[in-house]
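Same chain, two partners: subunit A is paired with subunit B first, then with subunit C.
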Partner chain A sequence: MAARKKVVHLLVAVTVFVAVDAWIYSSLRGAFHAIMAENQTKDIALFAGSAPLDPARVGAWLKTSGDILPGSRAVYLAVDATSGNFVYAAGDREVDALVRQNAASEDFKKGLDSAYYLEPFVSAKSYTVPGSAASPSITGRLHFAPVPDDTGAGVRGALLILSSGSVTGTYDELLLTLAIVAAVLFITIYWVVSFSRDAVMGFSILGLFLIVSAFVAYPLFESVRLTFVDKGGLSLRIWKEILTPRYLAALWGSVRLGLWTASFSTIIGFLFAFLTERTSVGGKKFVATMATLPVISPPFSLTLSIILLFGNNGLVTRQLLGLSNFSIYGLGGLVVVQTVGMFPIAYLTLSSVLKAIDSTVEDASLDLRASRLRTFVSITVPLAMPGILSAWLLVFTNSLADFANPLLLSGSYQVLSTEAYMEVTGRNNLGGGAALSLLLLLPTLTAFFAQRYWITRKSFVTVTGKPSTRLTELASKPVRIALVAFVGLSIVLIMSLYGTIVAGCFVKNWGIDYSFTLENIGEALRQGSKAIVDTVTLAAIATPIAGILAMIAALVVVRRTFFGKRLLEALIMTPFAVPGTLIGISYILAFNKAPLLLVGTAAIIVINYIVRELPVGLETGAASLRQIDPSIEEAAQDLGADMPTVFRTIVLPLIRPAFISSMSYTFVRSMTAVSAIIFLISARWYHLTVQIYNFSELLRFGLASVLSTALIIIVLLAFGLMRLLVRDQGLTEKTVSG
Partner chain B sequence: MAANSISVRVERVSKRFRNSKGRSDVIAVKESDFTVAPGELVTLLGPSGCGKTTTLRMIAGFEIPSSGRILIGEEDVTMLPPNRRDTATVFQSYGLFPHMNVTDNVAYGLKIRRLSRPEIDRKVTQTLDLVGLAELADRAPGKLSGGQQQRVALARSLIVEPSVLLLDEPLSNLDALLREQMRIEIRKIQKSLGITAVYVTHDRVEAMSLSDRVIVMKDGQIMQIGAPQDVYENPVSQFVAGFVGKVAFFPVEIAGKSGTGWECVLNGKRINVERAAAEGIAPGRKAVVMARPESLRLTEEGAGFVGGKVRMNVYLGNSVESFVDTSYGQVLVQIDDPASKRVFAEGSTVGITFEANRIRLLSDQE
Partner chain C sequence: MKRIASLAAVLIMAAAGLWAQESVNAYASCDQELANQLFTKFTQETGIKVNFVRLSGGEAISRMEAEKENPQASIWVGGVGLDHITAKLHGLTTPYRSRMAESIPAKFRDPDNYWTGLYIGPLTFFTNNARAKELGITPPTSWADLLKPEYKGRIRVSNPTTSGTAYTIITTLRYIYNGDENKVFDYLKKLDVNVDQYTRSGAAYTTSVAIGEIPVGIGFAHDQVKMLNQGVDATITAPTEGSGYELAAMSMIKGGKDPVNAKKLYDWILGKSSQEIFASFYVLLVSPGAPRNPKALPLTAVNALTQDLQWDGANKDRLVKRWTEEIGSRRK
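Up next, the complex of A and B:
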């Protein structure tokens, strides 16, 4: 009953609005047409006045009529001295035929009579002139413009111009678009206000939908569409081209690389995690820090140091070992670099899993006289299995999506992400690039969904929030020593990789001249300052927007039920599973044309940052929000706070750690982004990582090292700031509690 | 404070929840219809899942009824969001703001209403005094005991002087002693302020001791509305009888109407039952007789209406509870002032008897 009243209200309001909208549209259109027609008549009159006296030159003059009315067709009728009638003198024969054909009609009589009395006239009806060899068919009104004689009191001839309303046409379209947009906006706003009890929330949901459909669904759709289109028609040409051994080799290359990297990373991650969570070795904090360090390391940095150490002119390969035919480029080098860069992902997953396994179950096994090895194999490993699988898949997905490392290090080894990039930049084949990155989606999505829906459900480990205080040492002493030795060596390798980058800053010409210099720093900063400033600026703009949006999205997803919630969540999460290369290509496809012409602007880069980091922010915020009793928010609302106030005074302060960490994460990830950004940068807006890549390509390793170091420093600063802000909150909370 | 109390009307309200998996809806509340008079405290009593909390949340505005209306005073608030209703809720989990101290928690509603700083300070002091928390004003909620948190939640709701106070199992997280204490306190404050209140609980003692009237609910439907004594003495069904207190049921056959009630046959013996429920009672039909433990008496073997054997005696000081095994199941007999009465030893065979005016005839349907 209340709802029916609202529907009636809505219908009335919409009807009224649409009527007013239509009326404004038609009157504006009418007024504009009148003005245009008047202007046109004036222009034609002026043009007619400029007719040359010499009949021989009339033909040439008439041809310039196109300058005044583009696409128009004209004929000049001179007044016959004897009969006083208008007769054809020059111009378009087809128009002349039209004149002859209709000479008897009321419209034409009036027109020619007006011309005779020096009055301009526009035909009441529209006429069509068929196309000829010179000009296409045209429909429109016929303008009768008198050409006065030299006295100015008599008529010498008449200019008849047929023009289409093409000028007004584009204006009409614009006006129509505006009118429709206004109507749609009005209807949605009115609808939300009257049917959602919580208009702000309604608009938030609507806004989120708008953002993800415009910047996730639409570009991806454009990508998919392009791969099925050829010369304006539906076609499988691109896919036929892509699904050939040449490109399938790249797919297999990606998968093979992923398999190796994921396996090595999981093993190393497990060993690290076992050491820090399941043994009583000292220095665990240091190990944990070293094991997580590479996860925040900027792209290219590890590749760069690997090249510096093991490349053609590498310190180890050339200088120390004197090898000349060793090549780090290819699968081997990629596996090493990716494993170093990605085992932290496995470590983070596995350490939390191993931490959550209660020691008492291992105790129980030992108590039942199982050996320590037996306990490890039959208890610990099976309990950790879901975690191990999920770590493996996570690394696998990351390896497949990796773009920066193969770009510098793949050599002749082919992987999909860089092939797609080459296809776009090298062969200017956008469709092929899109198809290749879509191909990459296949294994990535499989792994993503397997991870999300299969493994997480099989998890045995439940976090009780009560970590067992006691720890049973499963590793015997020799095993422990071997473990420590392995982890120690790995840490030395990681540190030396980073050390190499820093060293690279101060070496004159790596591989040839190892003398100390500070020149690199000056030059790199000179050449790279724009990139640094641009990148920091854009990332700083994107960070708070992404942070707030992510928290709003988290609130909406966790606390509300509404139609299409699943879809919204899926769309927000999509960029997490989709390789950056595909997003980059999709963006240049979708935003290189109306209505969202964004390519080359700062906006497209900022939007890309936001959309790509929203998933992590949403997950962080949602996880944090799920820990909070909904009755806290309900209590605030119950006490009179509207939704924005609840968000500001209750939700945001409570999930502040998640908010800050998701913002710092966004900032760092934006600073270190490559795969999508490399498609979107322009001369106006450059990116630090791309600059590093360019220096590396030019073999200016010193400059690349300086910028990499600068990037690492910025990233560390950002994380340091986050730590400070989160800790700061702990302090205030303590002071509040007295 | 609230001298002009206001009524709450729940008018034929139903609530269906969309089942997340299957297509079928879950009906949480079915055609609920009742009115809370101004200044009255009404309790919604029922087992978990009976729809009592959903009803409360619809009055508060956290849920929208699928059909029906909710009125506060004369105003139809069915579609109004919680922040635009003059209700204040005390939540089961308190919902205290963990990032604010006691004062800021209590002051929150006043800040939202943009009262002046001195006005807020004055009212906070006054309200904290009312609930006895003046010394803890600067504490964080996490550093308070359960009872103290409960008081903060109560103070936070009372300070905005709501027309209607809604309490959602507010005492369920407290221990028994504190619960009794808070129960009395809540009732005292509610009465002194004359505030209209709806109280949700599954604890019958709480419902009985607090309320002006009790609404007994089951499976989303109201079973009975009445004063505590009324629902205890005159339940309309076996469910209500069992839910509001301990009870024994004896199956009978109704022989016919008598001058003062119904002639029934229990265990082959004719009895006269003076009080009967309105439904399901007709000559020739099967029915049950309900009897409260305090209205039953034990007699020698062979006497009384039903025979049995004492299984266990529980000594409670002011009474002894005798659990007697009979052919109709275990029957609880309460023997008040046991020192002056005979208590049959465990294992002895006894008869059970009752007085005609203390029992009630109920339909044999649940």
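Up next, the complex of A and C:
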């Protein structure tokens, strides 16, 4: 049984390897042929350019084509002055017959079309011309070369040369041999390895290492390297330029914004969490939904709502309150927008912490006659402190990396992420942009490490084994009323922001004409349909790959010990702490050249999604794996199951919630990504958020609203679909051993 | 299972269908809607699909520069002609002498055929009437007016780092100050005090002015005329000292794929089919005999300056760097 499985695996591995091998072979061969063909095309173009003006001499000139391409056969077609068509003028009759015969084919149409537009063309198919008295039979591709007229703008005729491509024959043979040798070697090695124990695990580890070194370490290294290079030599010029007061002012701007946002978000997140976890107020579910809603909101849309409600001529500030000298642009507005967008992070962290606090400690304090306030200050807050700090640092990191909000709302306030973007997109100063985003790494990495290695270790949450079933109401009635009032007001703000987005879909021209219309929807979908299709396609490809990869990584990290495990973990986690701007810049640096020429393809965007969301998937997966007793897996293994079987039938069903949540997370983040993606989009692959940004900057609010709403709907639909696809097999609750 | 298989088959066939379609990748620096309408009509008429990204002029140049070894687009449509000159000087574009360009006056074409001018548009000021009345300000009528303290924080303009529109403002001022760059930057520093925000794209201010988010904006007349015709209550004024104008242009990108399709698009844009669309965006086409929207602001309505486009294009890097160093990065 096991042996048969191994044969299947072997076949799969061989197929994959042979496919990759064939791909490498064909690209190398293709590249070599392209170079040869390019040279040939150049030669032919030169030859075509030397065509004599006198029609009588064309025949003699054409005969010399053999000097350029030995053994070739050529025909010259001149442009007919009256019809504008190419007609036979001189040269090989057999070739001309071939042209007439195939004139209607796609290949020939395109060839003559190209000649008309003064572009060289080589036929896609090979053609054979029978031998004649003068020359032997020949098979090969047909080159179409335009012959320009004396002005250089028009076309006088076309030179069609048929040549056999035998020059490249030996090279092809050599390449093919090498490819076959590689395939044979691989099969042998794999054969040997697959009969040793747990080889799949080894390959998983190897694969993960390959992925992170190619797509995390390598691009980041390229970024760092570029900042120390000037005109080919080692230099500190870029850093000297960056470490000047004006850029340091932007760094301080980022940090200051981070401090405010993190503090406000943590306070608000705490109040929300306290309300939902520690009070007996009704409607908690609603509050929790409201507090997590901003997580799935597209970037730019909240900013836009804020401008339209609270801007210089905003609906609230201007029309309702009549303020005329109030400005939302700058630090104040940024703090508000970021807090609305990021307090959910604090809320999610703090609600789980507050839930875990053992209420019996507080009961003891109350029994000892401490007041509620004193109990709160000296028991609850200290117990929640690690969570509070952790939430603060998470928001701080996010605020610093944020890019979408400052782009629209910073006014004259400077932050590093947008400065780096300007450096790259406006001035093509990739080195400067990379250096600026590396500067940003300083505070974010500090916060990340502080959060991860210092605070989370100092957990005060005690697990007593006897879970307390009721939570003591700490808040007195007036406190509760104040709390509800505050949370209520916040929810009104959040809802008004979202309401503005939805309302914006149906308003003719916000700020000028508030009449009802459906025109925006048609217009936005017409202009944005490509972006929607592209974005959904890319996110849909990335989501399952990221989900499965994350679970494999979690399994490897939690269950195995191997050399270099900490390094692997660190590399997988890196993209979490690195601002998107830096990742985006690193990617265009690293993947715009061989061997990984990915810029402009869908692959670069998909890989970027996967790599960026892998850390969170790994964390969730690892957390839930740690709760599962490894003995279940061991039992399966003892019964003869190999690693993939264990993964598929034991691990995956058990950590299904983590699997789904990691996939949902990847999908949302891929749909709402902007900071790295804005560097990676191309004419072929566009992103919805960039389209929303374009509309937002032009304040085309109706169109931006429709696309934002569409994005939210797509995300919600995808959530439902994912739950359906990864069906619950009812294993989770029953088999987890306590 | 069967259903999934047939679904997959359909998807693959659909994908193959898309694959087989002729297409061309383009960068567009004109109004996104204009680009969209042009390319849609081109696809309808020729069956060639156009994938495009809207980028501001400076962004388009940066992108082409970054993609030099591996160009991702073949044609660059629209955007201030100065940017096309800069791109030519950076070796990013390639000459193409279109048959359709012959009739365009020589002063609106590159002598080496690297770019062809499409339309012109003068720089004008755009003021929201209702907001101006409330704030007690009058629409500015000269460059000098813009420096008045009453406009403090009330002007929005684009960022020369990304936008060709903003660079045209700098070159315009240089002509007004007879080439004295120090005076130009003196002016720009004083103007900076009155500017509330520099935007990425040259036309971003128009809607802001239209909805009263900001009272005054500076940019090209056709974007403003378009707003007026959508029912916006605003005033267009031309500076008395003189207006520079843009010559929006088009270039072929060096080494781009599908050059034949790109050239077909190039010719098509210069042809008759596109002209109605251009006219509906109130621009002044340079092609003789092209339709002109009666509502478009003619060049005679402003004090149009004589510009040396070649000089302006050649000095862009230097002047924008100076702007970034002395103004852009010093804002607080």
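Keep this in mind: the second predicted complex is superposed on the first by the 510 of 738 C-alpha atoms of A that agree within 3 Å, B and C clash if a C-alpha of one lies under 4 Å from a C-alpha of the other, contacts with A are read in each partner's own complex, and residues count from 1 in each chain.
By definition in this document, contacts are C-beta pairs under 8 Å (C-beta built on N, C-alpha and C of every residue); 3 or more make two chains touch, one makes a residue touch a chain.
Just so it is clear, the structure is predicted and the values come from calculations on it, not from any experiment.
After overlaying the two complexes on the shared chain, residue contacts for A:V316 are found with neither subunit B nor subunit C. One of subunit B and subunit C touches more residues of subunit A, and that partner is C. When the two complexes are overlaid on their common chain A, residue A:V558 makes contact with neither subunit B nor subunit C. Looking at the shared chain after the overlay, A:Q527 reaches subunit C, while subunit B stays out of its contact range.
Of the two partner chains, subunit C is the only one touched by A:N509; subunit B is not. In the superposition on chain A, A:I588 contacts subunit C only, with no contact to subunit B. Comparing the two complexes, no residue of subunit A contacts subunit B in one case and subunit C in the other.
Only residues 18, 60-62, 64, 76, 78-84, 87-89, 91-101, 108-109, 112-113, 138-140, 142-143, 153, 156-157, 160 of subunit B touch subunit A when the two sit together in their complex. Residues 110, 113-114, 117-119, 121, 151-154, 246-247, 249-250, 307, 311-313, 318, 324, 327, 329, 407, 410-414, 419, 422, 424-428, 430, 509-513, 526-527, 530, 588, 592-593, 597, 599-600, 681-684, 686, 694, 697-700 of subunit A are the ones that touch subunit C when the two sit in their complex.
Residues 25-27, 32-33, 36, 51-54, 58-59, 61-63, 65-67, 69-70, 72-73, 97-99, 102, 113, 131, 134-135, 153, 159, 161-162, 196-197, 199-201, 203-204, 206-208, 210-214, 230-232, 259-260, 263-264, 320-321, 324, 329-332 of subunit C touch subunit A in their complex.
Here subunit A touches subunit B in the complex through residues 2, 197-198, 561, 629, 631-642, 645, 649-650, 653-654, 733, 736-738, going by the rule given at the top.
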